[in-house]
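Each of the next two complexes has chain A plus one other chain: chain B in the first, chain C in the second.
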Partner chain A sequence: MNNALAVSGIVLKELYRRKDFYVLFILTALITLVMGSFKLFNDDKIVRYLKEICLLLIWVSSMVIAITTAARQLPAEKENRTIFPLLAKPITRGQLVLGKFLGCWFSSGLALLLFYVFFGVISGTREHQWPVLNYLQALSLHWIFLGVVIALVLLGSVVFTAVSSNATISFIVIVGILFVARHLNKIALQLAEPGRSIVYTIYFAVPHLELFDVRQLIIHNLPLIPWNMWLIACVYGIAYSLFFLLATWMVFRRKSLN
Partner chain B sequence: MASPRFILAFLFTICLSCVSYLEPWYQKWSGAENRSGDFLSVLIGDSRRLFSNQMVAKADAYFHSGYYPTIFDAPKEKEESHLSGDNDAEAGHDEDHDEQPGSTNHVEHAEHQHSATCGHNQKSEDGFLGPPKDWIDRFGRKFFPSQHSHLESGGEREILPWLRLSAELDPQRIDTYTVAAYWLRKRLGKIDEAEQFLRDGLRANPDSYELYFQLGQIFAENRNNLVRARNLLEIALRKWQEQEKAGLKPNELSYQQITGNLAKLEEKSGNVAQAIFYLKLLQEKSPVPQTIQQQIDDLQKK
Partner chain C sequence: MSAILEIKNLRVEYRSREAGQGIKLAVNDLNLKVQAGEVFGFLGPNGAGKTTTMNVLLGFVNPTSGSASIFGVDVREPIARQRIGYLPELTYYYKFLNTEELLRFYAKIFRIPRAERESRIDAALKLVELEHARKRLIRTYSKGMQQRVGLAQALINNPDLLILDEPTSGLDPIGRMKVREIIQRLKNDGKTVFFSSHELGEVETVCDRVAILNQGQLKVEGRVNDLVDQYKCDLEQIFLKIIGYEVAA
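And then the complex of A and B:
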C-alpha cells in the first residue's frame, strides 16, 4: 500500500504542476461570475439558473480533468520508459495501477473540493442559505463518480493504443451512460424479443453513473437523499471502480511493455 | 517556377481586388440588410427558434422543480408546455371557457391548463414516471426530482431567465412575452418589468393583438388608467380584425377577451351604449350567446 501511495503522490504533484486545473477553474469562475452579473427583471433573488450553469461547468471540468489525467498515466510512463525503473523498485504492476488510480482520484477530489467551495460561496451569497449537508452529499457522490470514470479510463489506457482515442471513447461512453442509461429499461419495454432482453441486459450491466448526478436536487433546493440510499450508491460506485481496476490489472499484468 | 514571395504577393492582390468588389455589393444586398445584428442570430441563425422552444420547456421544468418528462417518458403522449397556452391548448380551452367576459385571458389560464395537462400526474404520486419498473429504477428515483411540485411564494421568479432567453432566441414567439408578463404581474408584483417586457415584444411584433391586450390589462388592472387601457384594447381589437380580414385566423378566445374587457371598461366609465356595442361584438363569437344577451339586457335596464 505504501508503494501505491508513493505513486499516487507523484500523480498528485503532477496535477498542480500542470495548468489544466487552473485554466478550467478560472474559466468556470469567470463564466459563472459574468452570468451572475446580469440583473434579470430587476430581481437579484433569481439564482437557480446560475447554480445550473455553475454545476454544469463543474461537471464538465471535473470530467475533463479526470479523463485527461487518467488517460495519459500508463502510456506516458511507457513512452518515457520510466515504467521500467518504476517496476524495478520493486513495485508490482498491481501496485502501480492502484497508485495511479489513487493519485488521479485524490487529485480529482482536491479539484472538486475547490470547485464546490466556489459553488457554495456563489450560491450562498445569492440565496442566503447554506445547505452544507446537501452540498456534501453532492460532492461525495460526484467524487465516487469520478472514481468509476478514472478506473474505466485506466482500463481503456491498457486496451487502446493512443491516449487520444482512449480519452475520446471514454468521454463518449461516459456521457452516453449519463444521458441514456436511466432510460434503457423504457426503451427495452418497447422492443420485441430478442431486442428487449439485449437492451435490458445492457441496462443492468452498465454502471449507472447518472445516480451520482444529483445536480437537479441541488439546483431546486430539494431535500437530502436518505443517508442509507446515499451509502448504497457509494458502495455501488466503489464496487464498480474496483471491478474496473481489477480488469485493468488483469490486462496490464499480461501486457508486454516493449 | 516563380518565387514563393511573388506568389504570395499575387494571391494577396487577388484577395484585395475581390474584397473591394464584394464588400460594397454585400452592404447593398437585401439579405444582409434583413439580417439581425445580434450575437445569437449571427451565431446560430434561424435554428435559434428551435432552441427557443427548448428554453420554454426548461422554464416549465423549473416551474416543476425539475420534475419533468424527458423524450423517453410517455413518448405517445403529445408534448405541450405546461406554462404557456399554445394553440392546441387554447383551442381546447375555448370549448370549456366559462364565458366570463373580461375576467381572464389565456395566459392567466396557464395554471388551469397546467392542472389539466398534469391531471394524470396528480392522481398518483408516480405521475409520468409510473410505478418503478425495476430495483434500479426504484433506487434511482431518490437521486433526481421524482415528486410533483410547483414553485410558489415568489419562487416563480426562477422561470424568468429561461423565458427571457427564449425571447432573445425567437423574438417572434408571442407566448413567451405574455407568459413572462403574467408571472411578473400577477405573482411577483413587478408591473414595470412586465410592461417593459411586453413593450420589447411589441417592438419585435408590432401587429400582435395579444401583446396589446396584455398591455391594456396592465393599465386597466394595475395602473388603474382606464383611458390608456381602453386605447390599447381598441388597438388590440383593430389588430385582431385586420388579421381576420387577412385570413390569418386569429384566436377567437382572444377576441372574446378583448371585447369582453372593453365592455367592462366602458361600463366602468359609464358608457353603457359603448359597452353594449362591445358585448354585441362578443356575442357574435361567443359559444354561449344567451349569457351575453342576458348581460346586454341587464345593461339596457340600467
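And then the complex of A and C:
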C-alpha cells in the first residue's frame, strides 16, 4: 500500500502541475457562474433547467478529466520510459496499477469536490436553500462512478496501444452504458433465443453506471436516497472497480516491457 | 567470493515486429556469474542481446527458458530489486518533478525511513554534483545533468549491485570522465557494478572482468588482463576479432 500511495502522489502532482485541468475547471466554473446569474422571469422551471445544464456540464467535465488522466497513465510511463527506473525498484506491477488508480481517483475526486462546492454555493445563494446531504449523496455516488470509469480506462490502457484510441473507445463505451444499459432488459424481452440470453447476460454483466447519476436529487431538491440503498450502490461500484483493476493487473503483470 | 548475480541457460525469444520475420532469438543459452565486489563489463555490438539480458535481470522481460537470480533470489521477485541500483540507457524521468522530489519518491519505494531519507538524498546529490540544481525541474536539465540524475536515483538505496546500461552514452568527455570516476569510487567502496558500454577504453580501465556477447551468444568471458595476454592485443582489437569484424587494410 505504501508503494501504491507513493505512486498516487506522483499522479496528483502531475495533475496539478499540468495546465489542462485548470483550463477545464475555469471553463466549467465560468459557464456555471454565467448560468447561475440568470434570473429569467422568476420562473422556477427555468432555474431548474439551468441547474440541470450546469450539472450535466460538471458530469461531462469530470468524465473528461477522469478518462484523459487515466488513459495516459500507463502508456505515458512506457512511452517516456519512466517505467523502467520505477519497476527496477522493489515495486510490483499490481502496486503500480493500484497507485495509478488511486492517484486518478483522488485527483478526479478533488476536481469533483471543487465543482460541487462551486455549484452548490452559486445555487444556494440564489435559492436560499442549503441541502448539504443531497449534495453529499450526489457527490459521493458521482465519485464512485468515476472510480469505475478510471478502472475501466486503466484496463483499456493495457489492452489498446494508443492513448487516443483507448480514450475514444472508453468514452463511447461509458456513454453507451449510461444511455443504453438500463434498456437492455426490455430489448431482451423482444428477442428470440439465443439473442435474448445474450442480451440478458450483457444486461447483468455491464456495470449499471446510470445508478450513480442522481442529479435529479439536486435539481428538484428531492428527498434523500435511503442510506442503505446509497451504501449498496457504493459497494456495487467499488466491486466493479476492483474487478476492472484485477483484470488490468492480470493483463499487465505478464507483459514484457522493452 | 560468492556470485551475487547468476544467469543459467538463459534463452529469450520474441516475436518480431516486422511481418514475416516470425520468432527472433535475442539471447541463446547464456550462462554468467558476477562475483561480489567486482566491476563487470557486459559488451557486444548493437543488437547482441545486452539490453535484453539486463531487462530479464530487472524483471521487465520474461525469459523463454532458463533462469536468473540476484543475491540468490529469482529476478521475478520484486524483493530481488531491493539492493539494486539501475541506470537505464536512456534516462527519462518525470519532467514535472525536480530532482529532490524524484529522489524522495524513489526513496519511499525503497522504504527508506523518513529520518534517513533526506541525508540519503543529500549524499546522492553530492556524489553526482547536482546539489546546486536540486530544486530545478528535470525538464530544464542538460543531457549530462539528466544522466547524473539517473546515477543519483540508482544510488539512493545505497545498493550493493549497480546495473548500468551504457552509462556514458551521449555524454561529452567531461561527463564520461565523471561517470568513470563515480564507478571507480563505487568499486573502491566494495560495490558490485554490472555495466554495458561501447566505450572499450573505459571498460578496460575500470573493469575486472568482461563478457562479450554476439548475436545473443556468449563468445568470451574472463579477466581483462588475462584476455589481453591471451589475444596479445587491446580490448578493442579483441572485441573486433570476436565479433568477426575485419579491419580494412
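Note that the second predicted complex is superposed on the first by the 249 of 258 C-alpha atoms of A that agree within 3 Å, B and C clash if a C-alpha of one lies under 4 Å from a C-alpha of the other, contacts with A are read in each partner's own complex, and residues count from 1 in each chain.
Basically, contacts are C-beta pairs under 8 Å (C-beta built on N, C-alpha and C of every residue); 3 or more make two chains touch, one makes a residue touch a chain.
This one's a predicted model, so the numbers in the text were calculated from it and none came from an experiment.
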Based on the superposition on chain A, does the combination of chain B and chain C result in a clash or a fit? fit
One more residue to check, A:81. First (chain B), second (chain C), both or neither? second
Scan A:90 for contacts with chain B and chain C and give back first, second, both or neither. second
So, does A:185 touch the first partner chain B, the second partner chain C, both, or neither? first
Does chain B (first) or chain C (second) touch A:24, or do both, or does neither? neither
Tell me which partner A:256 touches in the superposition: chain B (first), chain C (second), both or neither. second
Is A:48 contacted by the first partner chain B, the second partner chain C, both or neither? first
Based on the superposed arrangement, let me know which partner A:210 touches: chain B (first), chain C (second), both, or neither? first
Going by the touch definition up top, name the partner, chain B or chain C, that contacts more of chain A. B
Taking C-alpha centres, what angle do chain B and chain C open up at chain A, rounded to the nearest 10 degrees? 150
For A:13, decide between first (touching chain B), second (touching chain C), both and neither. second
Mind working out whether A:174 is in touch with chain B, chain C, both or neither, as first, second, both or neither? neither
Smallest distance from any CA atom of chain C to any CA atom of chain B, in Å, after fitting: 39
Common interface residues of chain A - those touching chain B in one complex and chain C in the other: none
Of all residues in chain A, which touch chain B in the complex? 40-43, 45-49, 141, 182-183, 185-187, 189-190, 203-204, 208, 210-214, 216-217, 219-220, 222, 225-226, 229, 232-233
Help me check something: in the complex, which residues belonging to chain B touch chain A? 62, 65-66, 70, 72-73, 75, 133-134, 136-137, 139-140, 142-145, 154, 157-158, 160-162, 164, 184, 188, 190, 192-193, 197
Can you check the complex and tell me which residues of chain A touch chain C? 2-3, 6, 9-10, 13-14, 17-18, 80-82, 84-92, 254, 256-258
Sort out for me which residues of chain C touch chain A in the complex. 14, 51-52, 55, 58-62, 78-79, 81-82, 84, 86-88, 90-97, 101, 105-106, 108-111, 150, 153-154, 157, 163
